[in-house]
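The next part holds the structures, each set out as structure tokens.
Each of the next two complexes has chain A plus one other chain: chain B in the first, chain C in the second.
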Partner chain A sequence: MGREHLSTWEVVCTLSLITLTPVLISFPQYSSREFGNAAVLHSVYLAIVVFIFYLIILKLYEPFAGKDIMDIAEIVGGKPLKIIMSIAVILYTFAMMIFTMQEFGEDIKDVMFNHSTNAEINILFTIGMAFLGYFGIRGVFRLGTYLFPAIVIGFGLMFYSLSSKIDFINLTPVLGTGASTVFLKGLTQVGIYNSLSIMLVIAPLAKHFKKATLFSVLSTSLVIILSLFLLATIIPYPSLNQKNFAIFELTRYIGFGRFFQRLDAVFTFFWIMTCFVFLGVLLIVNFIMLKKAFNLKYPGRLIPCVSLIIFTSCNLVPSNAVSSIARDFMYVSLSPYSLFLYPLILLLLARLKVSGRKKQDG
Partner chain B sequence: MAKIVRTLIIACCLIYLLAGCYDPRELDDLAYVIAIGIDKGDEKDLKVTFQIAIPVNISGEGSSTGQETSTLLTVDSNSVYGAVSQANTEISKEINLSQNKMIVFSEELAKEGLEGYINPFVTNKEIRPRTSIVICKSTAKEFLTTITPILEPNPARYLDLMLSSHSYSGFNVGTELVDFYWNVQSKYTQPIAILAKPKENSKKQDSSSGNSGGGGGGPADAEESTVAENSTPVFIGIAAFSGTTMVGELLDEEVIPHLILTNTLSPANFEVPDINDETKTTTVTISQKKRPQIELTLENDIPKIKIVSNVYAQLLTTGTPANFFEAETRYKLAKEIEEKLKTLINDYLEKTKEFKTDITGFGKLLKPQYWTIEELEKIDWHEIYPNAEFDITVNVNLDASQIVSYTEETEAK
Partner chain C sequence: MKNIFKFTPPNPTNVFKIKRPKLQREDLFDKSANITKSLEDNLKRMQYFLHYPDNSDVKIRTFDTRIDNENYPSALIFYDGLVDSDLINNYILRQLMKNTENTSGSDLKECILDNVLAQNQVETEEVFDKTIDKTLIGNCVLFIDTLDVAFICDTKKLPVRSISKSENEMSTRGPCESFVESLRQNTGLVRKYVKDENLIFEDIPIGRNAQTACSIAYISNIANDSIVGEVKRRISSIDVDYILDVGQLEQLIEDKTYMTSPLILSTERPDKVAEHLFEGRVAILLAGSPNALIVPAVLVDFMHTAEDAYTRFPYSILLRFFRFPAALISVLLPGIYIAIVTFHQEMLPTDLLFSIAATREKVPFPLLVELLIMEMAFEIIREASLRTPTPMGPTLGIVGTLILGQAIVSANVVSPILVIIVALTGISSFAVANFSLNLTFRILRFVYIFLGAIAGFFGISIGLLVHACVLSTATSFGVPYLSPYMPLSSSFFSTDLSNVPIWKQEERPTFLKPKKERRQPRIARKWVINRRQS
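Let's look at the complex of A and B:
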């Protein structure tokens, strides 16, 4: 975790991959349950909202080039706010890692490793995560750069193979469960874009912060919209409501004639790698926060300890359903405020404070 | 310290290499089911028959065809999963459903309803979503007994080929487990399945062809071998469902309208009376290059459905010689085909109304006409579909270019 710089390509690929993880697990199911046939319309709407939001954030960020969100918290509320914020973010990412690892692990166990126990699967993810932690931020983002194009090709194959099953009528009635649900209640689903808030933590590391952020917003939006489009046009409502790990389910339908079938095993490898990158990035974000908040010299030495805590906590989660509910709660009730509204307020206050100081000085 | 940690992590990773030794599942230890038959049980709810491949007879120098390549195992159980467990206790190998190609239900069971029998297959990750659903007019067990791969040593591939015959015959359909399940859940379209029966053969097969009753010394009864010797499985049409209950059947040519209206018609041979002599037959290959245009409007809860279907017909043979260079002759034949298709479509639609099930999926056309699910759900499509009124137009584009040119000598002959 030195002072490496991340290229725009690395940032865009990795953040898009991280966004894919919740899409792989339960987001489509949740979205279909809440918005019915309007799940895709809702995802397009959210993409527009998030794009506008990040345009505002980038505008507010202009005077703070090279600073991350913790530096900005320090400008607003001094060291106490910086520490409080870091702890809050660490707790959030911890919870996200635990519930994601548990839910993803159980899904993978269900489809591929049904002779293994949950703990064995969790060990696999913990080791992968710890490895990526040792690779450091550059290593994880580099892995994302290699993996994302493979996943894009995979999605291309899915589109090609399943095109005969795509039925646009499944996207109607256009407003699904109702306009107010899609456009008002739907705003709370903005948490699905929480990977983008990592930009505010890695801001000093990104070579071209503004460009990387905008391209990441576009890329993650595309990942979400296209995934939901594929799912919603193929698996009709209400069947999609009942599908956990729906994208895996789609890969089971892929077949090129009688020869190329059962490609789901290949795709599962990519989904597992995606989850590794998700966990690895969040682990590294944790260490960046710890290092900044508590001036730790060698935060990397905490990797085994933190991994062990996550592994143990993961095994304490009683079931997949609990994880799913907890993650949905985090996406709907926490993320919109903690990852979107709170940074916005923080940046506004910081701008006011900086301009106030300038006036005082001038 | 870092070195120790690294070593530990590498050691942990290496543990996974040993996992294969802990609980290996060798291919030889598994019994690959290629078809499952489900009948109403006598003592218990279900009688489940597994057709299991015998890999040693499929590959290698001594590979054979016929029933030696698979065996049947029948168990009584109250559920599908229970049957799998029961079967596992009766054979030396573990039942594996990952190569299963079709699930056969008896007509008797399908008419009572398949609720509870489809879900286990949908949720089971071993079963492929593209597995075919077949309804058999006899018992499923009897049907599976008749499956005797000939010219093809691999019974799974034999079934695959058999099930894909819809792509060139036009008299049957391809149905997949996942489509069946989605349509059961849909309020605007209903499921179908392949309808099949064992067909009695007039000539007994050569006893040396390997029909040794359940092949490979399996537990199939001796009486079934007699059935197998005398019959072959055939797909005869469509089983129409309302929800999970079979409500009717469409046979042979009645399948063509379904294929046309659902835009799934692959080139199929189609016979019409000859234009000059009605006792003779003209054969054309029909196909669709464009999706049929279907418009649905609701007037006082009466669905008015306008159908325009454009069919491309290629002339193959005629019953009597005719000059197809003449526009009038071509027009007459095209009209003949149009009339027959229109009648078939009309009869098909009347039958679906009689069955009170929309297996074509017209109801889906209602969805774009409403903004929200709440508005849409005020219409009970299942209730109003039998009142539907149809306006059918069939346009045939006839291609007679393959017929040799008409000459006066031909007529003289």
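Let's look at the complex of A and C:
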């Protein structure tokens, strides 16, 4: 009776949640700084690009059904390439977790726990993340299915409550800082769709890989576009690019009548849980890769050590600003490779190799 | 087998004169030994195993069985108090003592089975341990010299109470009967509701020292074989000395012991068991227990009450609509209150904030201590009222809640708003019908109070996160505990969270993977079509 695979609903919900974390922290700020009023247009453009790219990836993936990106790396370059690639991805996700935890923790501290230290906040994140690690990929992905509908309802409430504050003038001039900036330089911002690369790691676990991937692309695109639309139309871009934790700022404007005047704390519930899911999934992805690359039998036993390393590393980051810069660097300079080029090249090489073998076999 | 009666009739008078091998001491301890032809040996062993005569309720009646005017020394062994004396006197002893003509010419054993014992359930046993087990459940055992078998006659008349009204799962509509301690009466009650020849009761005895009869009930053409197989596998592999109640059995067969939420549904209502059997679930009944277990159980099952099925669907929607928020209030309200007052005061409107601050001004304790005092007092009152004799109950309620509540506020030990919070939480918890789930919520409430006190909404978020993960990874007999939401099925919104009219409840829960997925055709009310056609 037990279920082995992740359903499309689970995958879509969880990946959308993971995408929401960078949107919560700094993406709108970065986007409005780079593209001005064209932040929304840029997000729509990115969504189209990512959708087309994933159609290509799915086409290339067809002969490798049931295999993840590590298996494909093994087909291309044998075990050494598999291990090298795994280490690279693990380091990347490690860094992403550290900077996200640090930055999110500091943002939360600013809005909720003024008297606490960063380490106190981070230890809570670490505990939650470690717990999620123990529940494994299925537990966390199922968790996403409860949280995502709640977030959708939250966004609905935000739209309803803030609809009177939406000003379409904030979207003009449409091309913002210029067409070349939006359409050429804007491609480097594709890192915001980083969560989708998890699909390539959990490919064997997804019940309907193709369907789940396409729906995830659509869903994550919607999350990003709607968030930016709400932010960009309510907060003028010169203010927006100064704001950390911009969506939280937005929730401060929500009010229903005289009684419900401040609901931002309720929304903080959801944002914190979103961040937990982000950290939990990345931790689990790390363990999946570790397990496959080094044939570990019980990788779960490493959870306390790894969590402790992340916590300690987090406290070594000197400030929110450093972590923000580092994360932006990773999103802009590393993600295009990790998201686009790495799987694309691997898949192309793997297909060439497989077709070459077939020809040899006659 | 040698036909001793027809060809070589023994001389019963010489039976005790035959020199038999002497019973060794080690033989006496061997329960698994076969029954011998010597009544003397058999009696010695039975007396030893049943601790006769130390055991005062063990009765051994020796007499002569008369067949074809021949006397065969015999003994009848039973537990006084477990058997029907009239049945033994009139249909066993009387029959055996009066002379019976063996007209059919069969052997002695067959003759006794066919012509002497006027009983509807008689069987023979060849080994001592099984014979003893059957004696213990109220059968009487008959030994006849020259026969190496024991006759087991069903003479059970266990002391039982009569079927009464369900007290813990009351409902305003529907049947009111509840299970009693007799297994056969309980199976009868279930069969009364499920008049289906495919309803199967499979008996599996549990326990090494005291074998308790356990019955697994399922409808063979509906229940999934793998669930039935799993239930049988778990129950048959239990190796304990004894089990007295399904509560103990539940702990031995549940998937996760350390989880606070119950994974097996327990009920005292036969109609509820019948309803779940029709859905494709498996019920477990145990002798001596007035409750039945239903497996697999998912979280939503614990939120439903018996009358949900019997009331019209708008009413049941309304009842469920209030029950789910009540459950959330009972778990989270004190935690959220402490989180808001300690960390997120900005959430409260200014007037309310001032009001809370004013009421707390004279309270000497921190909010956490104040809340714990009240919660503990409430739990103590609840526990005490359960244990108090019924006539004292209302008095305790009045003293505990009204007088103590009034006094504690007047003495500035707690603030009035906290009394409202705790009372609302307590009342909400009563809306959760299931006792086990209610207890779960009571435990979790304290967890969320501490989390809220430590880190406000952040702490509660961690709690909810871990809690959701625990629930989403749990399974009950292989079925995900959060079904039908996870994995999502259409029945979640139609019948599990809310309700639809009974004529639209066409499918059985898909997460149970029943053999028959539909419980009724698409159009169950044929009269609607007939009316349109006419």
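In the analysis below, the second predicted complex is superposed on the first by the 358 of 362 C-alpha atoms of A that agree within 3 Å, B and C clash if a C-alpha of one lies under 4 Å from a C-alpha of the other, contacts with A are read in each partner's own complex, and residues count from 1 in each chain.
Going forward, a residue touches a chain if its C-beta (ideal position, glycine included) is under 8 Å from a C-beta of that chain, and two chains touch if they have at least 3 such contacts.
Values in this document were obtained by computation on a predicted structure and should not be read as measured data.
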| item | value |
| --- | --- |
| Touched partner set for A:114, first chain B, second chain C, both or neither | first |
| First, second, both or neither for A:269, with chain B first and chain C second | second |
| First, second, both or neither for A:9, with chain B first and chain C second | second |
| First, second, both or neither for A:36, with chain B first and chain C second | first |
| Partner chain(s) touched by A:124 [first = chain B, second = chain C, both, neither] | both |
| Touching partner for A:71 - first (chain B), second (chain C), both, neither | neither |
| First, second, both or neither for A:177, with chain B first and chain C second | first |
| First, second, both or neither for A:140, with chain B first and chain C second | second |
| Interface residues of chain A shared between complexes with chain B and chain C | 124, 127, 131, 258, 261-262 |
| Residues of chain C defined as touching chain A within the complex | 224, 226-227, 230, 296, 340, 343-344, 346-347, 349, 352, 455-462, 464-466, 468-470, 472-473, 475, 477-480, 482, 485-488, 513 |
| Chain A-facing residues of chain B, complex | 1-2, 5-6, 9, 12-13, 16, 23, 25, 125, 128-130, 157, 160, 164, 178, 181-182, 185-186, 364-365, 367-368, 370-376 |
| Complex contacts: residues of chain A adjacent to chain C | 1-3, 7, 9-10, 108, 112-113, 121, 124, 127-128, 131-132, 135-136, 138-140, 142-143, 145-147, 258-259, 261-266, 268-269, 272-273, 276 |
| Footprint of chain B on chain A - complex, ascending | 36-37, 110-111, 114-115, 123-124, 127, 130-131, 134, 167, 169, 172-179, 235-239, 249, 252-253, 255, 258, 261-262, 301, 303-304 |
